[in-house]
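Dropping the structures in below, format is structure tokens.
What follows is a pair of complexes built around subunit A, which joins subunit B in one and subunit C in the other.
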Partner chain A sequence: MMGSLWALALLLIPGALALLLPRLRWIGAAGAVAGAAVGLVACARLLGGAAAESLRVHWSIPGGLLYMELDALGAFFLLPVWIVTALAAVYGVEYLGRHPRAPLAAALFNLLAASMVVVVLSRNALLFLAAWEIMALSSFGLVMLEDEKDSVRAAGWTYLAASQLGTAALLLMFILLGSAAGSLDFDRFSAAGRGGWILALGLIGFGTKAGFIPLHTWLPEAHPAAPSHVSAVMSGVMIKMGIYGLVRLLGLLGPIPAAAGWWFTAIGISSGLLGVIYALAQHDLKRLLAYHSVENIGIIMLGLGVGLLGVRYGLPAMAAAGFAGGLFHVLNHALFKSLLFLGAGSVLHATGTRDLDRLGGLVKTMPVTAAAFLAGALAICGLPPFNGFASEFLVYLGAFHGSTASAQGPVWGGLAVLVALSAIGGLALACFAKAFTVVFLGHAREARPQPARDPGPAMKAPMLLLASLCLAIGLGAPRLFPAFQYILAGRTDAAAQAAALGDARAALGTATGVMAVFVALALLAALWRIRRLAGRPVSQSVTWDCGYAAPAATMQYTGSSMAQPLTEFLDPVLRAERHIEPPAGYFPASASFVSHTPDFFQRFLYRPLTALGARLLAPLRRVQHGNVHLYVLYIALTLLALLAWSLGAR
Partner chain B sequence: MTNTLLILILLTNLRLLISSRIHACVRWVAAQGILLGLLAVVGRQADITLLGILFALFTAAIKGWVFPWLIFRAIRESEIRREMEPYVGYNLSLAIGLAALGVSFWLGRRLPLPGLPGPLFVPVAFFSMFAGLFLIVSRKQAVTQALGYLVMENGIYLFGVVAVRDEPLLVELGVLLDLLVAVFVMGITMFHIQRDVESLDANQLTQLRD
Partner chain C sequence: MSVSGLIPVLAALTLSPLLFGVINKVKALVAGRQGPPVLQLYYDLLKLSRKGAVYSATTSWLFRAGLVGGVAAVVAALLLVPLGGTPAVFAFRGDFILALYLLGVARFFLVAAAMDTGSAFEGMGASREVFFSALAELALFVVLAALAHGTQTGTLSAMLGGVTPELWRAETPSLALLLIALVLVLLAENARIPVDDPNTHLELTMIHEVMVLDHGGPDFALVLYTSALKLWLFAALVVGVLPIHDGPPAAAFAAGLAGMALVAALVGVVESAMARLRLARVPQLLLGAAALALVGFLLLAAG
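Moving on, here comes the complex of A and B:
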């Protein structure tokens, strides 16, 4: 426990110093790296099988207790927190450069990292909620870093409103959990027959942070608005705190409500499919990535859903593979999604735009960024030999176990998951084929005063490190399996779980071996090509141009045109708005095509709801008249009434 | 002796409610602060310590000299009018003050604290708080709001002297520090507000709502 506390101090003190000594631009990031080094050692011990450590210190707040504990599950969730925040902090130093608010950003960033660590460690509802709020507020501050832009302010308020609503649900949930036990400590919680309500509130509260559909609307707004290294942390790590909360809640509930597995699976299918479908229609690189976060949260929920169905129907193999896959995807998504956001940040840094249709051809001038982005793209599509494959494989395996069971329930659940997961994978591949091609391949669509260059070492190193971690975890996944024994302890029957994990490990080992052979073959083919081409003239020429002699860079396929076959097909879901001015006559003077895809839930659910709320609450504006005297009078009258009530009642 | 001091404090509160001059008000608040310092010594004759006396002197110095000085300076620099500019007339203020006094005595009866040196402590403490709140609510100028907070704090201080027997110094020191900051902030914001809104009428602050 002391290790984690030291790590927190290492994060927070340099964070505060960054604000006090704005000349030392590196100090915040140095603290994040040092904290991560210490914190990761503590996590590694727990994942190696050490016993959980806890700490209880008196806290003067009623019902509060500074009660923290580090167990294997917590240590597993802290892995991405430490790794990604440290790398993103280093990246952020160069990314923000001499931005006037860089010191503030460094301080808020370290506060955000520390609050996430405390969220994972805390075992008291008040401590948890306090850390949860600090996490929401510090990330809100980071989203609003460039609040001189209208779009950023709008995104920030959307985010703040969403996260406050989520916290309100959590508050109710903790009250329900704590009222039966008479204590707000996690180890004394009891659901007392209200498990369904508690889980529903947890799904709303934690789901808002995690960003399942339809609670995701803040995500595609806030991620593009934040600086890229912050988007990396928010999308890679912070939304996982919602998943952490759900997994922790499942452990606290005692008997899990029977329908929970179906709820999780349904959420997983809808978030996964809708997330990737919306991603496909985006033109903004970071917005596209944000929708992919919704998709990947869906995959994680699918894994957890498969696990819960396995528990419900007494299929330990299905349960173990599902839980392990879902949790493993938490780590993997954190790594590749932050890698992709850092890559997108480098592109934005070098070109000044996130608009897909204004980019292009960057692989020639930004080879390192392109390679790193490609690694992330392959990983997020679940392609071997990267890490996304390993975790999605486990979810598939769990679903297969379900679909071959004798009972009806798991068969349908397993089949639904299999169909959804393969559709998600296919669409994700299409989407990243589009994103990578449009941004990095072809020719630049706009002339730039200077060619876009790869960033400096402080931005390159984190990307390369994350890319190699994605590859290393993809290749070494079977070696990580023993840790899942500790992480999943108590979820299912231990012996059956060990056997199931052993099976999964063997299957994954085979798959890894096969793909190693394919990688070797591909490398051989590449070598052969190089040998064949050696000593021969190699020249570049334009692609076949249908006989038109003067092709221009703007005639390349755009992002929208690449995705068009799919978006047309999916239009009943997407409902894109298109403004078309077709060419008229033989010598058309002008023609234009504009399309954008506003979020369905934003348009048809939240906007009417918030408008209704604003209308209903408008009379209350009269109470907020700006007159300080009367505000104090409100307080005084309330106090007097309370005093009279409490003393008069005696 | 204790009761005499308490009654004097009570009377200063009433005086504050009917005073129409800001300068007079500041002086009465200063006088109230010094009375409180005396009370801290006299009210605990039995168990007074050297530290206690020092602390009482310190309080009297801050409340009777530092705060008034800061407020006088703020008044001088911001060139505001010398009148209290009430929303509620002085006679009505007095009537409300007397009603609040009645409520305070009722509350004091309902809230018997053990080990009090006299029966007046709790009512006077409540009355000071009410008077302070009333000043904040019923006077237009921003300076009077600072004065109101000071009077309210004096009420809290009275509780601090009696109710928190174990660590009154620490509690009170904390409150005093808060207040010092509050007066500073008030001074600074008054200055800024005057520069921006060109008036120190707290009524004009409605311009600042969103």
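Moving on, here comes the complex of A and C:
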């Protein structure tokens, strides 16, 4: 426990110093790296099988102790927190450069990282909620860093409102959990027959943070608005705190409601499919990535849903593979999504735009960013040999155990998950084939005063490190299996779980072998190609243009045109808005086509709801009119009323 | 790991170009022509691999790496596919997931190479490829999940080996539906009629062909060889669902090879008998294949 507390101190003190000593631009990031180094050592011990460490101190706040604990599950969720915040902090120093608010950003960033660590460590509801709120507020501050822009302010307020509503659900959930025991310490909680209600509140509260559809609408607004290294942390790590909360809650409930597996699976299918479908229709690179976070949260929920179905129907192999895959995807998504956001940040930094259809050809002038983004793109599509494949494979494997079972329940659950995952996989590939190729390949679609260059070492190193981690975990996944045994302890019967994890590990081990063969074959084919072409004429020419004499860069397929057949097909869900000015006459002088896809739920659910709320509450404006002297009168009247009441009560 | 599994892989590596020869020969016979020799693709590969290359100045290293990654991914996937009762080199629970994702790698790289040329034609092909393949992959997943459920096994080798004459007798309707879905997926994934016309000369209507307009020399040889291997892989899946691999291993393997020729001939007949569908109809065809497979699954699971 002391290790984690030291790590927190290493994080927070330099964070405060960054605000006091704005000339030391590196101090916040240095703290984040030092904290991560210490914090990761503590995590590694737990994941190697060490016993949980806890800290209980009496404090003046009612409802229990200042109670913190680090167990294997917590250590697993802290891995991405420490790794990604440290790398993103280093990236942020160069990214923000001499931005006047860079010191404030560094302080808030370290506070955000520390609050996530405390969320994972705390075992008392009040401590948890305090950390949860600090996490929400510090990230709100970071989203609002460039609040001179209208769009940023709108995004920030949406985020704040959503996160407060989520916290309200959590408050209610903790009250229900704690009321039976009369204590807000996690170890004394009992669901006392209200498991279904508690889980539903948890799904709303934690789901708002995680971004389940339809609670996700803040996510594609807030993540693109934040500076890119903050987007990386929010999308990669912070939304996982919602998943952490749910997994922790499942452990506190005692008997899990029988329908829980179906709830999780349904949420996973809807978030996964709708997330990737909305991502396909985006042409803002960071917004596209934000929608992919919704999709990946869906995949994580599919894994947990498969696990819960396995527990319910007594199939330990299904349960173990599902839980292991869902949780493993938490780590993997944190790594590749933050990598992709950092890559998008480099593109934004170098070109000043996030619009796919204005970019192109960056691989030639930004080779490092392109290679790192490619690794992230392959990983997020779940393509071997990167880490996304390993975790998605485990989820698939769990679902497959279900679909080959003899009982009807797991068969339909397993089949639904298999079909959903393969649809998500195919669409994600389509989306990233678009995002990567449109930004980095072909010609630049707009002329630039100077070519976009790769950023400096402080931004390159984190991307390269994350890319190599994605590859290393992809090829070394079987070696991580012993840790799953500790992380999943207590979820299912221990012996059956060990056997099931052993089987999954063996399957993944052989899969890794095939991937190694694939890499070797690719090298062999490359060698063949090089030897074939050696000494033969190799020349350069133009791209085949069908004989047309004046091809221009704007004639290339854009992101929107590449996704068009799919978005057209999915239009019943997407409801894109199109503004078309068709060419007219024999010599048309102008024509234009604009399309954008606002979020369905934002448009048809929240906007009407908030409009209704505003209308209902409008009469209250009469009370809040801005006349200060009348406000003083309110205060006086209130005091008078209180005085009268207190005298009357006596 | 099974060493005898190398035999199907070697067969794929050496015999896959023959499939195109058979298809073209059948098409020629139906049309009353003599047609190119059955070994034509071998001659083409030999000729192309002796040539130099011309690259578009727009392209980057991804254009060159794309084909290399593609051929390696398809060969790696072939390591998981059995033929004629001979199990694959590697077999593990869920191996078909890896095989399909390896095909996904090949697709990603092919699309990247196409987009790297900055040509609107190739962008058009790439856009269609990622869309149609996503749907075809969905249908294929359902088919394989159904086979796994029907045979109560978890590996491709066991699944396809478990489709016996007895199973066909017991589950004729569902296996027939799965077979039809699988053939539709084969036609779509290998750019055959009714989804794509390999003989078209109009760039605007192509899918697969248009993505490789700028490849030449050894690179184009790799493209052609990769598509031959991919056709072999899907044909092996179709043959696997036929109840022909009982009996001694050698005879079963010979029956498997004969089955491959039969599938190629079937593709040739389909191509002679019908025209390409309008592009807007292709998603319906593929969703139809997925629906057929789903019905097959329902019949198996409920029965």
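Keep in mind that, in the parts below, the second predicted complex is superposed on the first by the 615 of 650 C-alpha atoms of A that agree within 3 Å, B and C clash if a C-alpha of one lies under 4 Å from a C-alpha of the other, contacts with A are read in each partner's own complex, and residues count from 1 in each chain.
Criterion: a contact is a pair of C-beta atoms (placed from the backbone, for glycine too) under 8 Å apart; a residue touches a chain by one contact, two chains touch by 3 or more.
Source: prediction; values computed, not measured.
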Which of subunit B and subunit C A:Ala259 touches, first, second, both or neither: neither
Greater residue coverage of subunit A in the superposed arrangement, subunit B or subunit C: C
Which of subunit B and subunit C A:Ala563 touches, first, second, both or neither: second
First, second, both or neither for A:Asp503, with subunit B first and subunit C second: second
Partner chain(s) touched by A:Ile61 [first = subunit B, second = subunit C, both, neither]: neither
Which superposed partner A:Ala423 touches (first subunit B, second subunit C, both, neither): second
Touching partner for A:Gln624 - first (subunit B), second (subunit C), both, neither: first
Touching partner for A:Leu647 - first (subunit B), second (subunit C), both, neither: first
Partner chain in contact with A:Ala44 - subunit B first, subunit C second, else both or neither: neither
First, second, both or neither for A:Ala636, with subunit B first and subunit C second: first
Subunit A positions touched by subunit B in one structure and by subunit C in the second: none
In the complex, subunit A residues that touch subunit C: 360-361, 363-364, 374, 378, 381-384, 389, 393, 396-397, 400, 403-404, 408, 411, 414-415, 418-419, 422-423, 425-427, 429-430, 432-434, 436-438, 441-443, 503, 506-507, 510-511, 513-515, 517-519, 521-522, 524-526, 528-529, 532-533, 536-546, 553, 555-557, 561-566, 569
Subunit A-touching residues of subunit C, taken from the complex the two chains share: 1, 49, 51-62, 64-65, 67-69, 71-73, 75-76, 79-80, 90, 92-95, 97-98, 100-102, 104-105, 107-108, 111-112, 115-124, 126-128, 130-131, 133-135, 137-138, 141-142, 145, 148-149, 152-154, 203, 213-214, 217-219, 222, 279, 283, 297, 301
Residue ranges of subunit B in contact with subunit A within the complex: 87, 103, 107, 110-111, 130, 133-134, 136-140, 145, 202-203, 205-209
Complex contact set, residues of subunit A against subunit B: 624-630, 632-633, 635-636, 640, 643-644, 647-648, 650
